[in-house]
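After this come two complexes, each holding chain A, first together with chain B and then together with chain C.
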Partner chain A sequence: MPIEWDLLFFLIIAAVTIIAAVAVIWSKEIVRSVVWLTLTFLCVGLVYIFLNAEYLAMIQITIYVGAVAVLMLFGIMLTKRRLLGGNRDE
Partner chain B sequence: MVDIIGAIVGWIGFHGVQHWLGTPGVLNFVTILIVGLIVFIVGMLVSITLIWQERKELGRLMDRRGTQVGPIGLFQNFADALKVLVKEHIVPEAADSLVYNVAPVLIIGISLLMFVTIPYSPGFYMSNSQLGVLLTFALFGIVPFAVLLGGWASNNKYTLIGGMRAAAQTIAYEVPLLLSVVGVIILAGSLNFFDIVQWQQDNVWLIVPMIIGALVFTISMIAELERVPFDLPEAEAELVEGWQTEYGGMRFGLIMMSEYARGFVGASLFTLLFLGGWDMPSFLNFVPDGIWFLLKMFIVFGIIIWIRGAMPRIRTDQILNLGWKRLLPLASLNIAIAIVFKTLGWL
Partner chain C sequence: MIAIEYFIGLSAILFVIGAVGVLTKKNAIVVLMCIEMMLNAANINFVTFSAFSGNLNGMVFALVSIAIAAAEVAVGLAIVLNLYKTRDTIGLDEINLLRW
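== the complex of A and B ==
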């Protein structure tokens, strides 16, 4: 039976997107949440390539990974009192 | 070579394997693998040469000798690579071990992925995408994110400050960098590297009408590459080694290597967008295209090294002022000039 590679890769990427999206609200550490959110953005960009919208995919990666994720991390790190976890002094 | 393998496979008697190896799909896959390997090796060799060029030229600028091992110091980098290769890999106890290990993979992988988008000559390239310029800048945009992550995950005061400075710097230079390229895209009418170079061959090198854009692009690109005068994330006088303080062994070596890989891509971008790529005077046609491209690229990188030797480091608030109050208006002016040229039909 011939395998439909496009469908297979789409299913893999879609599964990664959903798992990453769940992990955003699942993880305790807020910086890790942003990392998972960035993975979601990247995978959505890859799905755009499957829809023959390469331009949209590039813009998605430039804006969301290059700008939005960096701004989120920047904001978190500016406002957070401790670097990592809770059991460590300043 | 392929005949010998075919003969051996036929002699053993795997006729099914023989037919499968000859199918177009397998041949296509193997071809892509070999081309990718060649582009990777050439890119790495050029990057190592750039490290050698930097150390030699900086030595000349500082009135010392630079690298010493081998003829004219060419083997110094290989000796250094061997040295960092045998070092132990240490994860700090208080670090976030997952993110700490993922961040350098992201940085090095993205830096090496950028080799794919750079064409050396009309016959030597990996990809010929209609969106090549955009793809390169999209990949460039991921690096500061990984830097910030690595700085945070090391769980050290200095690395965190280095990562934050990388983020602040990104906010300052990313917008002028992208806007300075818009003028080139307006005049050339394409996002494909081959179309842009072809337009420059037909008309004029874009550094002539777009001189302001070339200036803004150079300054923003030096900030993008995190080199002196904009090396705030690893200001070694204030922050030990900045965001990469906690990384040791081959990870440190590969992170340094990937900086020069990005330096190669940045200098190549300037060459392709403003200096006409492999374009040459017609009476020098006997020199191959790829040599011209690499020659221009080395000259551009030499100028970047010269700037490093001549300039002091800039402050964080100064880089924000520079990015938003100086470079952004200049980039907008550059776009206005491009639109005037395009609408009046001068170019």
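== the complex of A and C ==
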């Protein structure tokens, strides 16, 4: 029985997507949550390549990974958040 | 080509994770991130049905949806920053001004 390589790669990418999406709502630190969200967006862009939508994958990586993640980081850095370890308020 | 059920299943799981995050998290920015995940799940659905039906309308609509999502997160973060400036918090439990 030959191994279906595309299915194998898709399952790996889907597993990484789901693990990263769970880690977004699992992690206590919000900055790490943004990094996991970036990984989720990247893997969704790779899923678009499996669907023969290469242009959409490029646009996804440009807009989400390039713009939305940086915007989220700006929003986090400009607001005070309650950190669990230590009381670094500023 | 990979069967359609895998893509639909991935989209459903991603949507459920985003919905759980929206319903349970207390920080406004994390809620915005989970909304983005739900939008991504919807986009996967659009592109999947578009690719399997041979009609390009779904992909074009996914492109429009990505642009709208980018604008939406910009507006949401502007609201969050203004909220932080006036109320000094972004915890959704402490923002109850519109609750009668």
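Note that the second predicted complex is superposed on the first by the 81 of 90 C-alpha atoms of A that agree within 3 Å, B and C clash if a C-alpha of one lies under 4 Å from a C-alpha of the other, contacts with A are read in each partner's own complex, and residues count from 1 in each chain.
By definition in this document, contacts are C-beta pairs under 8 Å (C-beta built on N, C-alpha and C of every residue); 3 or more make two chains touch, one makes a residue touch a chain.
Keep in mind that this is a model prediction, so the values were computed, not measured.
Applying the stated clash criterion after superposition on chain A shows that chain B and chain C can sit side by side.
With the two structures brought together on chain A, the opening angle seen from the C-alpha centre of chain A toward chain B and chain C is 120°, to the nearest 10. Once chain A of one complex is fitted onto chain A of the other, the partner contacts of A:Y48 are limited to chain C, with no touch recorded for chain B. When the two complexes are overlaid on their common chain A, residue A:K28 makes contact with neither chain B nor chain C. Contact with both chain B and chain C is seen for A:F74 once the two complexes are overlaid on the shared chain.
Looking at the shared chain after the overlay, A:T38 reaches chain B, while chain C stays out of its contact range.
Within the superposed three-chain model, A:G66 lies in touch with chain B and out of touch with chain C [touch as defined at top].
Considering which of chain B and chain C touches more of chain A, the answer is C.
By the touch criterion defined above, A:L56 lies against chain C but remains apart from chain B after alignment on the C-alpha atoms of chain A. Superposition on the common chain places the nearest Cα atoms of chain B and chain C 11 Å from each other. According to the touch criterion, the shared surface of chain A, contacted by chain B in one complex and chain C in the other, consists of residues 59, 67, 71, 74, 78. Interface residues of chain B facing chain A in the complex, by the touch rule stated above, are 94-96, 98-99, 102, 129-131, 134-135, 137-138, 140-142, 144-145, 148-149, 152-153, 155, 157, 160, 163-164, 167-168, 170-171, 174. Residues of chain C touching chain A in their complex: 1-2, 6-7, 10, 13-14, 17-18, 20-21, 24-25, 27, 29-30, 32-34, 36-37, 40, 43-44, 47-48, 50-51, 59, 62-63, 66-67, 69-70, 73-74, 77, 80-81, 84, 88, 90-91. Within the complex formed with chain B, the residues of chain A that make contact are 29, 31-32, 35, 38, 54-55, 58-59, 61-62, 65-67, 69-71, 73-74, 77-78, 83-84, 88.
The touching residues of chain A, counted against chain C in their complex, run 6-7, 10-11, 14, 17-18, 21-22, 24-25, 30, 33-34, 37, 40-41, 44, 47-48, 50-53, 56, 59-60, 63-64, 67-68, 71-72, 74-76, 78-82.
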